[in-house]
Each structure stands twice: as C-alpha cells, then as structure tokens.
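Please go over the structures that come below.
Each of the next two complexes has chain A plus one more chain, namely chain B in the first and chain C in the second.
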Partner chain A sequence: MNHTLDVQHLSKQFNHDLILSDLAFQLEKGEILSIVGPSGSGKTTLLRILAGLETPSQGSIHMYGEEITFQKANQRDISLVFQQPLLFPHMTVQENIAYGAKLAGKKNKNKTSDLLKATGLDRFKNYFPSEISGGQQQRVALARAMATEPEIILFDEPFSSLDPKLRHQIRYWVRDFLVDQSITGVFVTHDTEEAMIMGDRLALFHEGSFQQIDEAEVIHKHPANSFVADFLGGHLIVDEQHYVPLKECSLEPFNEQEVRSYHGLLQHITFQNGQAVGHIFLKDLDHQVSLPIHEHVSGEEVTLYIKESSIRTFGGSAL
Partner chain B sequence: MKLFNNKSVYLLIPALLFLLLPLYGFFAAIVQSLSGGSGWTLEYYSSLFESSRFLSAIWFSIRTTLIATILSLIIGVLITRSFYPYLEHHVPRLLVWLPMLFPHFVWGYMIILLLSETGLAAQLLVEAGVITDSSAFPIWTRDPQGIGIIITYIWKEVPFVILMLLPVYSSIKPGYYDLVETLGGSKVRQFTAVEWPAIFPVLMEIALIVFSFTISAYEVPALMGTTFPEMISVLSYEWFYGSGWEDRPMAFAAMVSLSLLILAFSAAGFSILQKKRWRAMRGRSV
Partner chain C sequence: MNVKKLIFILVALLLFVMPVLLLLLQSFSSPWRFQSGESFHFQLTSFQVLWPASNLWEATFWSVVVGAGVLLLNMVVGIAAGKALSTLSFKGKPLLEVLFLSPVLIPVLAVAMGLHLFMIQAGLADTVLGVILIHLVPTIPYSIRIFHNSYAQLGNRMLEQPIVLGAAPLQQLFTVELPLMKPAIRSVTFLTIVISLSQYAITSIIGGGRIVTLPMIFFPFLDTANTSVMAAFAVWFAMIPLAMYIIVEGLLLLLPYSRMPWRNTR
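This part shows the complex of A and B:
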C-alpha cells in the first residue's frame, strides 16, 4: 500500500546552514499532521519544499508511490495556504475561489457554489476582499486552495494574523472541514495548543529534524527528550535525561522519605480556566514551571517537592 | 458661517487659485475661437474640420502620440519588471532617470546628433563598414513618419514610466507569485493575476499624462518634424504667429478641439478607474 505522502531523508542546505536534516515521515489519506516548533526553525522551508517552491538538497518525496521531488509547484497536486490570505484584491470572493479552480484546470460552477456554501460565505460571494473580515478572508483562501482539488493541503501558520477569539473559532471550523472532506493535510504552527487541535499526530520540529512524531497524548506521557518536554510544557525537567510530570509536583511536603525539593520564587499569578496558576522560577534548575496554586502571594519564596519515584527518563519508563 | 468653519474649504483655496489662470486661458481661447466679426460664430470650427491640413495634422498627432505612449509603457513595464530589485539601488536608478533631467529640446537635439543621416550612428556604421555611405543611413529625424519624434519621446518618457511603476512593483508581495504557482498557474498567469491588476490603474494614469503632454507639446515636433504632416501644436503655432491675424481664431479653435479630445480621453480613463473592481484594488472603501 502506497502512502499518500512519503518523505525520505529530506535535507536542505542554504549556503552552509543546514535547515532540514534527514527528515522522514509518511501520511495516509485523510490524515492531518501538525508540525510544531519554535519560530525560525525551518518549518516554512519544509512546506515550501513539499509545495515545490524550493528543491531539497537531498532526499525524496513520493506521492502515491510516484516521485515528485523535482516536479514544479504548478504541476503538483498540493495546495498551500499561506500565513496571509493573499486574496486577489480586484476579484470578488466568488471570483477568487473560481480562479483557483481555473488555474488548476478544474473549473466547475457547482463546485464554486458548493465551496461558498461549505465555507459559509455564500452571502459574501460578490464582496471584494477589502470588504470582509480577516477570518472570512482566510476562509476564502482555504476555499480557493480547495477548489484546485488537491490531494494534500499545506498550511503555513494560517491563523497567526488573526485575533485570539477568531483563531479559536476558525481552528475548529477548518479541522471539521478537512475531516469532512477527508483531506490530507500538513499543518505548521508554533502554537502547541493549535497543533493538538488541528493534527491527528504531532511532529515536534527543532534544529532541522523531528524530535518526536506521535499522538499528542503519547508525546505528553513519554516525551522523547528535554526539548520536547520543555516545548510542550507540563513537565519539570530535572536534567538532560530526567523529568517529572508537573501534576506530580507539589508545593506541600510529601509524607515520604525519598523526596527532592527545590527552592523557587513565585514570580506571577495568572488565572486560566478559573484556576490560579503560579509561575515559579526554580533557581537551581534555571527553569520556570507553572503550577495550579492555592493561598500564595506573588513574590513569595516557595519550595517545590517531588518524589524520587516520580522521576522518569526521557523516551522510557519511570526510574 | 458654517462654510468657513469647514477646513476643507481653506484646503481647496490653493488648488482653486492654481487652476484660475489655466481655466481663464482656456475660456478666453474658447471665446476667441467662437467670436466672429459680429457676435458668436462656429465658422472657424467648420472651416477647421474641412481643412485637410488640420485633419492630417490631428491624425498625425494622435497616431504619433499613441505609438510613442504605448511603446513607452511597454518598454517601461518590461524594464521595471526585469530590473526592479536592481533599480532600487541608487546608481542604476540615477542612470535610468538621467534623461528626465534634460529638457525635451536638448534630448531632441541629442537624437539628431545621434541618429541623423550625418549623425554619430551613421558615421560609426560607415567606419565599421556596415554601410558604404552615410546617405545609406535610414531617415529617422525630420521624417514624414515621425520616427524621430517617437524615439525622442520614448527615450524621455520611459524613465517617467519606470519612476511611476517602481513603487508599485516594490509593493507586490512576493507571496502572490508563490500562490499562483501552488494553485497551478504559469508565469503568464503570474503576470495576468498578480502584476497586471496592480499596474493597470497606474498605467492608465501614466498613459493619460504622457498622451496629454506628448500630443500638445511643441518643441520636439518643431525640432524633429517635417513641414507636412506636422503635429497639431506646430500647426497651431504657425496659425497663431503666422503672417496674418486672420488665422488666430483657427489656432484657438484647434487648441480648444485638442483640449476637448484630451478631456474626453481623461474622462474615459477615470471612469474606468472608478469602477468598483479598481477601487477595490487600491484598497479603498467600495
């Protein structure tokens, strides 16, 4: 059985900088992979290579078993939704969507009107991009990408220019839309929450390679290394090999013998989901953690307790 | 009193003052062209449109101007889109804009020195043995086809076209080119979908400016043209300063007709740019 997308040993070098190093992953039909990593880590370069806008220095890309590594962007059955909507300002919403289909040679009046309905933009079909909101513009951009009937849609942080509330709404909408149309997708973001909402699997990207690819729950339970644990949060990193899940840390002493403690400074208190969260800087570990707290005040010295039995090794089970 | 509280009235005053003189001139010309010995008359206009000299002059003017304008636009667009990243540097930009610093007359004279039958180009070709005699060089200045006029104007106006287009090209987001590519479009599509809509409104404005200037300017056709056919400006000048006073109203009638022609072109151009699509292109509320 051929994978929808099969990437092997992909590397990209700009001058002497290695941006991508020996990347490999596979996607099945209808699967959505979220690639998450810090800004400027080369995620966009990876998408541009998949879209055909750049060529890799090494490695291969296959789609349904057929090699497309050096196929031009306009020959590939892959669409890219950019960070900005990039709508054609002189075309109406409807014309923008139809133009995508026209370029791909798949123009069909019914399809455009179906997409207008599916994106909830039917009412705005004769509006120009300057007359609709940022969220609506991004929906038009998605519909335009869809109109080319691609096998795969790539998303390059498409919601990063939207305000938080709109972002929340459109995430679920896009996710449902992709699942509904069983579209294979690669979704790039630097926001871990967004990555978990959008993707079936998560790929943590750092320094040119994937640190871990798996379902969000697996990654949370068994982070592969300190970068993964640090980037996702939710863990106290004891050293390069060991970590403790934050929910097993406490500001109250345990009645056990083998307990470690770290001194910390409660820097801020914020409120999330109705719960007070303390942001504590642990001087010994040079590391900041965020924990639900009670009855503490900002600026206070606190002590964090962990059981020795809670300490785990990266990529493995408990000690 | 409310009228004077409105700031925009004060802001309009300089523009109105500025327009006062040309408008006065224009209306005076209309009055001159319409007044006969005893009251109003259309006599000058009817004889104008029966005059074969005027008709061939206006045809020659429109034709020469259109060729010069369209070629300037095409060459300007080609140069700008090929070199705009490079043209943002100082030295190349200065080289392109150099022709704009010279008066049209000087530029016309340079073209004569360069391209006349005894000019530099002809002599170089004779020296190089490409042509045997300088008389074998084609007649490109003071020629009945207006080639010299066209070359002078193109050389002068292309830098202006580049000057106007450069900010437009610099403001096109590179992402749009990638977008068209990922949607499956070719290089041609990149031009028609991305560049053309951005430059079209500006090209329209440049075309109107270059056309209006070229068709009515005097010095270049006077220097580079023949006695027949002549450009409308040269003909009007002759009628105005000719041997008798009797042709003066004809000069006014010719100039008024030309003004109306330019007005009609401008009105057509602006009405196209006022369409919703092009207003949307400029990001204005539609």
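This part shows the complex of A and C:
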C-alpha cells in the first residue's frame, strides 16, 4: 500500500547546523497533520523541502510510491501557502485564483467560480489584491493554491498576520474546506490551539525531529517527554522523567498520606473562559504553571500539593 | 491647489516645458535673437535643409539599429544578472557587484581603446555588432543595477510563489516578473537609448567611420551656426528615444495580464 506522502530519513544541513535530522512520517489521503513547535525550529525548512524549494541533504520523499525527492518544485503536485498572501498585484482576484490552473492548461471556469463562491469572494472577483482586506487576501491565496488541484497543500503559518478574531473564523473555514475537498494537508504553526483545531494529528517538532506524533488527546494524556509536556502546558514537570497532570494538582492539602508539596509565588491572576487562572512560579522546580484557582486565594505565597500516586512517567506513545 | 503643487508646476514649466517649447518653436521659425526687434517667422526651411542631407537617414537608421540592439542586450543581461544577484547567495557576491559596476568607473574611452584591438582580431571592428557591444560598456552597469533593485523589491517569496503554482521559468518571467517590473523596464529603455545615442568617440573608434550614427553628423551641422537648423536637428534627435519608448510601451501592453491604460480597472 502506498501512502499519499511518505518521508524517510530526511535530513537538512546548513553549513554545520543540522536543521532536520532523520525525520520520518507518512500521510494518508485527506489527512491533515499539524506540525507545531517553537519559532525558528526549522518547520519552514521542512515545508520548503516538501514543496521542492530546497533540496534535502539526505533522505527521500515519496508520493504514492513515486520518488519526488529531486523533482522540481513547479512539477510537484504540492502547493504551498506562505505566511503572507503573496498575491500577484497586477492580477484581479479571479485571475490570481485561475493562475496556476491556467499554467497547467486545465483552465476550468467552473472550478474558479466555485472557489470564488466557496471563499465568499464572488463579489470581489474583479478587484485587485490591494483593494481587499488581509483576511480576504489570505482566502484568495488559499483558493489559488486549491485551484491547481494539488494532492497536498502545505501551510506555513498562513494566519499569523491576521488579527485574532479573523484568525478564529478563517481557521474553521479552512479546516472545513480541506475536509470537504478531501485534500491532504500539512499545517505548520507555533500556536498549539491552532494546531489542534487544524490537524487530525499533531506533530511536535523540536531540534530537527518530531518529539511525538499522535492525536491531540493522546499527546495530552501521555506526553512522550518533558519538552512535549512543557510545550503543550497542562502538566507539572517534576523532573526529566516524571510529570503530573495539572488537573491533579491542588492548592488545598489532600487527606492522603503520600503527598508532595511545593512552595510557589502567585505572580498574576488572569481570567480565561470565565475562570480565574493563577500563574504560579515554583521556585524548587524553576518552573511556571497556570492552573484554575478560587478567587479568594490570598497572599502571594501559595503551596501546591500533589499526590505521589498521580506522578507519571514520560513515554506514552513515544516514537 | 496647494502651494507644493503650484511650485512643482512652475518649476516643471520653467525647466522642462518652456525649453522644449522654445526648441520646437525655433525649429519651425527663422533664426531669432532676443530683443532683435524681429517678429516670429514661421518656416519649414530648417527641416528642408535637414531632411535631404544624404547621411541623415543613414545615420538615423544606424542609430535606431544600434539603440535597439543595445536595449535588447541590456534587457537580457540586466534581467539575468539582476535576478541572479538578488536571489542567489554565494561567496564573493559583493566583489561581483563591484565588478559589474566597474565599467562606469573606468573612463569608457580607455576601455574602447583596449577593446579595439580585440575587436579587430575578432573581426568586429567596423561592424554594427562591434558598435553595439562597445555601447554595452557604458549602459550595462546601470541596467544590472536597476533590475537587481527591482528583483530585490519583488522579494524572493514572490518569486517562489509562481514556482509553487507550477510555473516554468519562462512562464514566470512573462506572467509575473516582467509585468511587475514595468517601471524598471521603462527606466532601462530610456537610459540605454539615450546613452547609446550620445556616444560619439567610442562609436567612431569601433565603427571606424563605416557605422555613422546621429551624433557623428551632429557636429558638422554645428558649423552652420544656424540655430533653426540646429533646433530642427535636436528635435529630430529627440524623436528616436521617444519613438523607441512608445514601441517598448506598446510591447509592454502585450504582456499577459496587461490592461489597456484607458480601460477602467474594474
């Protein structure tokens, strides 16, 4: 059986810096993978290699069993949506969308008008990119990538230049659109929430390789290592091997015998979804945690209690 | 109307429109001197003197041929080198940029003298091709510079976007790069043609008197001291870049995704 995309032993080296090291993953038709990791970790480089804009130092990329590692970018059936919309300023919205399809000689009026309708840009089809808003531009960029009917669309933080509210709307729109058209997608972001909304699976990228690839729930329940737990939040990392889910931590003492406690400093209280959240710095662990608190917690000094029985070991679904 | 606009119009009138108008008027009138008391005499004599001059048409022809050749080569070399400089990164790039600029730092006459020997050996002396090539020396550095800036302004991401959408290099050049670099193309057109048209010394050295361009017959006309004929010649001279510019502008309209200037955009 052939995967839509099969990446094996992919490495990339710039001068002496190893950006990607021995990366491997597979994608099935219609699947969306979110790659999440800190800024500057090489996620963009990975996408550029998949799109063919850069060549890997080592490893192979196969699409439906056919090797495309050294195929030119303009011949790959993969589209890339950049961080900025990068619309062609001298073409109208409609011409922008039809551009790729027209080059391939499969210009299809219906397809373009379908995409215009689906993006809600029908009214603006004869506008120039400079005459529409940032969110609309990003939707045009997306429609343009779709119009070539690629097997895979890669997204490089496409919403990062939009304001939060617009971001929220467009995420769901893109997600529905991809599912609707059963397009395989790779979605790169540094925002875990966005990654969970967009992807069927989550891949945590750090130091050139995936720390864990799985569904969001599995990763949350069984983080593979301290990086994963720390990046996602939601866990108190006790040491390199052990962690405690935050929901099992408490600021009230437990009535059990085997209880650990840490002294902490309550730095801020913020409100999220109607719930007060305390940001507590634990000096012993040199670690900051955020957990729901009752508003009547007084003073700056707090004590965090955890049961010995709730301490777990990393390595749930590690690679 | 605000003051700034007024000042602009006044300066433009004084320094640009008026002199050109005077030149035009002079070419259609008999020689006229300030406070001479004579009135304006309309006449076509100056053009009647100019046009029958046997070498005028030949010189015009060669000027156009040389100018067009120089322009074409400048476009090709300028675009290729400009794109390479702005998209590739390699060791010694700053050095290469300086080298590309060096022809305008060295007196062009010195270059021409040296190249003359080579041209003779290569059989290019006294030929149009030789003249075109020597005219590249004072023009190409500017073209490379202009296209380099233009590509840098487009940005590498904008150049990668068409590739991702499946454009082959030539398709990309004609559908995205050239349409977005129209201002640069216009600058290069004017600059190269005007520079090429005003080369006297290097044209005569390499052309060896066989390739006669307009500036070479301009000087004999200076002897006449007839300002009307001189004005007519200058007007004629100015027609060439203007005509070339109009032709290039017409060609630009043929590029994909061009809109006729009179057509509303929406």
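Heads up, the rule we're going with is that the second predicted complex is superposed on the first by the 310 of 319 C-alpha atoms of A that agree within 3 Å, B and C clash if a C-alpha of one lies under 4 Å from a C-alpha of the other, contacts with A are read in each partner's own complex, and residues count from 1 in each chain.
Here, contacts are C-beta pairs under 8 Å (C-beta built on N, C-alpha and C of every residue); 3 or more make two chains touch, one makes a residue touch a chain.
Keep in mind the model is a prediction, meaning the values are calculated, not measured.
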item	value
Superposed partners chain B and chain C on chain A - clash or fit	clash
Partner chain(s) touched by A:Ala73 [first = chain B, second = chain C, both, neither]	both
Touching partner for A:Thr148 - first (chain B), second (chain C), both, neither	both
Touching partner for A:Ser130 - first (chain B), second (chain C), both, neither	first
Chain B versus chain C as contact partner of A:Ala51, first or second or both or neither	both
First, second, both or neither for A:Leu103, with chain B first and chain C second	both
Partner chain in contact with A:Leu86 - chain B first, chain C second, else both or neither	both
Footprint overlap on chain A, comparing chain B with chain C	51-53, 73-75, 78-80, 82, 84, 86, 88-90, 99-100, 103-104, 128, 144-145, 148
Complex contacts: residues of chain A adjacent to chain B	48, 51-53, 72-76, 78-80, 82, 84, 86, 88-90, 99-100, 103-105, 128-131, 144-145, 148
Residues on chain A engaged by chain C in the complex (per definition of touch)	51-53, 73-75, 78-80, 82, 84, 86, 88-91, 95, 99-100, 103-104, 126-128, 144-145, 148
Of chain B, residues touching chain A in the complex	173, 175-176, 178-186, 189, 193-194, 197, 276-278, 280-281, 283-286
Of chain C, residues touching chain A in the complex	157-158, 160-168, 171, 175-176, 179-180, 257-258, 265-266
